[in-house]
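Listed below are the structures to be examined.
In the two assemblies presented below, chain A is common to both, partnered first by chain B and then by chain C.
Then we have the complex of A and B:
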């Protein structure tokens, strides 16, 4: 959680006191289970609702505009009478899509740069790490704003601007991992067995780095979603007719100032719940990947 | 010293991105008139503005005049960029300073409370609150705060620096307008600080000096505040300098929600209107702030940790 924007994930709570008391274990299991259920619910809702439910999220009903939450509209309706629950599900779909696309792009770039820096070492390493340092000296949202402002708002500029600011941490993680792996006996064995640099990198280093990179990618998805919604909220992200969680909150500003809280509240909750759930799952995963634990297994 | 080359590279990158983008400075300058203008006029304009030359040259011009204090002219605010920065920097600095001080204060209290009895109800409540706040988008918190405090309870103004219609900036008005934005910005910085203080103090409580202090029969209060907090807080304090990017990110969102007349709000305005000179100047300024923060973190580290020599850095 050093330089990234809001990191819900990186917990500094990794110390020994965690496992105190008999109740802690079950609390943790409960947390993991809840997170898993919530992530599954999110994914299912996002994948299944649009094709299965034959409801039009854009269906305007001016007679029912700005209705507070009720049984018919659990989240209420917006200023032109669209059902907010449906809008939120569609918005989550767009946000998640942008988040995953950006996280995958950032992870590929970050892993490539980190692996190159770690495996090649020397001046390549120094140069690449200077690039990473330089990139991190621009606040991420500002760099994103700049890119999107210059390239016009849209899905791809948003994905690129988020990816552009998020590969740095992955590059650092992967580089550190590769550096620690380089001195391992099995790499020495591969090198003395005559394997080429490329073969060592692709066959031996990369598979060992993948779990860490994948974990970083998963943790990056909520980040990227946050980033997208912040850009969209500022009017610099997705166009307003593409309902993402950020554009939903942005368009809700008007009705909020008129006193209607529900168009603002629910899209935000739709952003918080998956973030916490993903962070909960990734936390459990990281505990399994704990470096000390893993090196014991390897030796 | 990494700061100067980094700043050069970042500004160069800003010009390179602008050159690669579909953004056309001539059309931005001429506005709707550019639609009907003939090619010759556009070319002359291009030459007058100096944008027909390669971006590296324009960057060099910008840099050399920036060193003399001339950062170009903002088209959206109709002011020189340097003047925009001069007028607005003080409000941003005020907002960030108040918010950060509040976050540090509240974060320390919450972190110590949580660390005192790990696993207790207080600890779990503080930790869950911190994670939830960390996951909540700051602009969303800001909007809900406006709804609650400005609309529902009508106790605080919803935005701006002063009441509309008042000609002078008075202390009382600024204070009442500052509460909400600074509070929200503080909340956005709070989780990080709380969790780190909890971690630092918790670790310190498990170490030998604390055990020694307890064995000497010192009161729990002295142990907690005099020993654990002191050694647990130092590493956190040195991290403060590296939090500048997050502070800027938070300020960007908070200032634009609350129409706070600071630099960050101007950045968003500049981006919306694609005002390149203003955007370039403010990006450079933000980068300089981040680099200064990193430098501060290094210095504090050297100051507090006797093992680090300043001459090594």
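Then we have the complex of A and C:
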């Protein structure tokens, strides 16, 4: 015997439930796996290609300038005949170094300031938060330009510039976490048990905010890479002979107007794909750390 | 001897929770403080344990006026008090196993060498078995965690115990075990006790004297 009755239509509530169900989970898993593979490929490329491939990324070949992608030059060549694939890998290496170094520096500074403000409270908190407000009131690209303008062009001025303009959000996050933890009875118990301010901060408060700070650092890496590229594109970041994704796009923008698309497309993809992959992984981590945040995002 | 004289305390300016309250706790005495929820008992207990600075009034510990609170208070004054809070879950650092939780005051005061001896004494006294000591707070029940919190409060051998609704969230047998552990400690050391709660029957059986919040104001 067969049953020909049509399946009942899903109610709005069921549809909403299904949108949070297995299909949604598999999409998320695919996104995380793809991001992980791309991040791993990026890290392996920037670590292994320069030492293993004994090619000079600065080698000029004017006879082969602005060649389109081919088997010999998969990404083509630039306006002085340099191999763009090699330049992109070297550029990604510099951009990633700047991004990671700036994110780590910004997170250390932000965590220290936020923890001090939250743990000490009183006038220290008020003074530090006014400093944060003052920095926040200036557009951060403008402040970054001001900082790099004070130094000779190079990697570390860009790192300092990006770090100095990006510690503010971490300081606010860490301060808010510390303020909420400070009023917990286990901190009272530590005070009653003879713990010094320093011990309470190092033993109880900092370990509790570290996952938040680490997440903020990872989320900051792609942002810092884009910031470095913006500064270099404006001619204010790295010197033009240093391959970074920003300098590659900047030097190639003239060829784009002449119809040569490859010198801008490939550095652009090398900027977009790894930063999206890092952001995808960081997003998955945030969803694990804050399940409530995940459900808010799914609504 | 702990004296609280005309204490006024609160959390926002001009809106005190505790107004002009006085209480004396003689050495070795046990006082049960009864009162309805929200009347200010816990705030008074925090002032007594030097965890909350009052807006007005004075606290005298062994005749010496207390001038500083929390971290600023001298360590020997702070550690004269052992405090047990109502919610064990919130009063335990979630990262520390129960051994670490109990030993933390010894580490904080530079007496880490005493840890094995004190743990061996206190764990059976509060009813914690060795397998529980290696677990983290999320791996034990509220009652087991409150036993560890009591052991932590006793580990520095305080002269005054402040139990802020210590048994409020526990079953009768665990509550009885914890009260017995406190009384054993007091019998051995002569420590004073300030027990805060709203269980009139328990406090009357437990303490030498019970006072209702209304009698203090």
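Rule of thumb we're sticking to: the second predicted complex is superposed on the first by the 269 of 299 C-alpha atoms of A that agree within 3 Å, B and C clash if a C-alpha of one lies under 4 Å from a C-alpha of the other, contacts with A are read in each partner's own complex, and residues count from 1 in each chain.
Here is the rule we go by: contacts are C-beta pairs under 8 Å (C-beta built on N, C-alpha and C of every residue); 3 or more make two chains touch, one makes a residue touch a chain.
Note that the structure is predicted; figures quoted are calculated from it, not measured.
Asks: Once the structures are superposed on A, label A:196 by its partner contacts, choosing first (chain B), second (chain C), both or neither.
Replies: Second partner only.
Asks: Once the shared chain is lined up, is A:230 touching chain B (first), chain C (second), both, or neither of them?
Replies: A:230 contacts chain B only, not chain C.
Asks: May I ask you to decide whether A:253 touches chain B, chain C, both, or neither, giving the answer as first, second, both or neither?
Replies: first
Asks: So in the superposed three-chain picture, is A:176 touching just chain B, just chain C, both, or none of them (first/second/both/neither)?
Replies: So A:176 meets neither chain B nor chain C here.
Asks: Considering only touches as defined above, state whether A:264 meets chain B (first), chain C (second), both or neither.
Replies: The answer is first: A:264 touches chain B but not chain C.
Asks: Which positions of chain A sit in both the chain B and the chain C interface?
Replies: none
Asks: List the residues on chain C that touch chain A in their complex, please.
Replies: Within the complex, chain C contacts chain A at residues 46, 49-51, 70-71, 75, 78-79, 81-83, 85, 87, 90-93, 95, 104-105, 108-109, 149, 152-153, 155-156.
Asks: State the interface residues of chain B toward chain A in the complex, per the touch definition above.
Replies: Within the complex, chain B contacts chain A at residues 2, 6, 9-10, 13-14, 17-18, 21-23, 118-119, 127, 131-132, 134-140, 143-144, 146-147, 151-152, 158, 188, 192, 195-196, 198-199, 202-203, 206, 242, 244-246, 248-249, 252-253, 256, 267-268, 270-272, 274, 279, 282-283, 286-287, 290-291, 294.
Asks: Which part of chain A faces chain C closely enough to touch in the complex?
Replies: Within the complex, chain A contacts chain C at residues 184-186, 188-197, 199-200, 203-204, 207-208.
Asks: Help me check something: in the complex, which residues belonging to chain A touch chain B?
Replies: 1-3, 5-8, 11-13, 15-18, 20-21, 23-24, 130, 133-134, 136-143, 145-152, 222, 226, 229-230, 233-236, 249, 252-253, 256-257, 259, 261, 264-265, 267-268, 271-272, 275-276, 279
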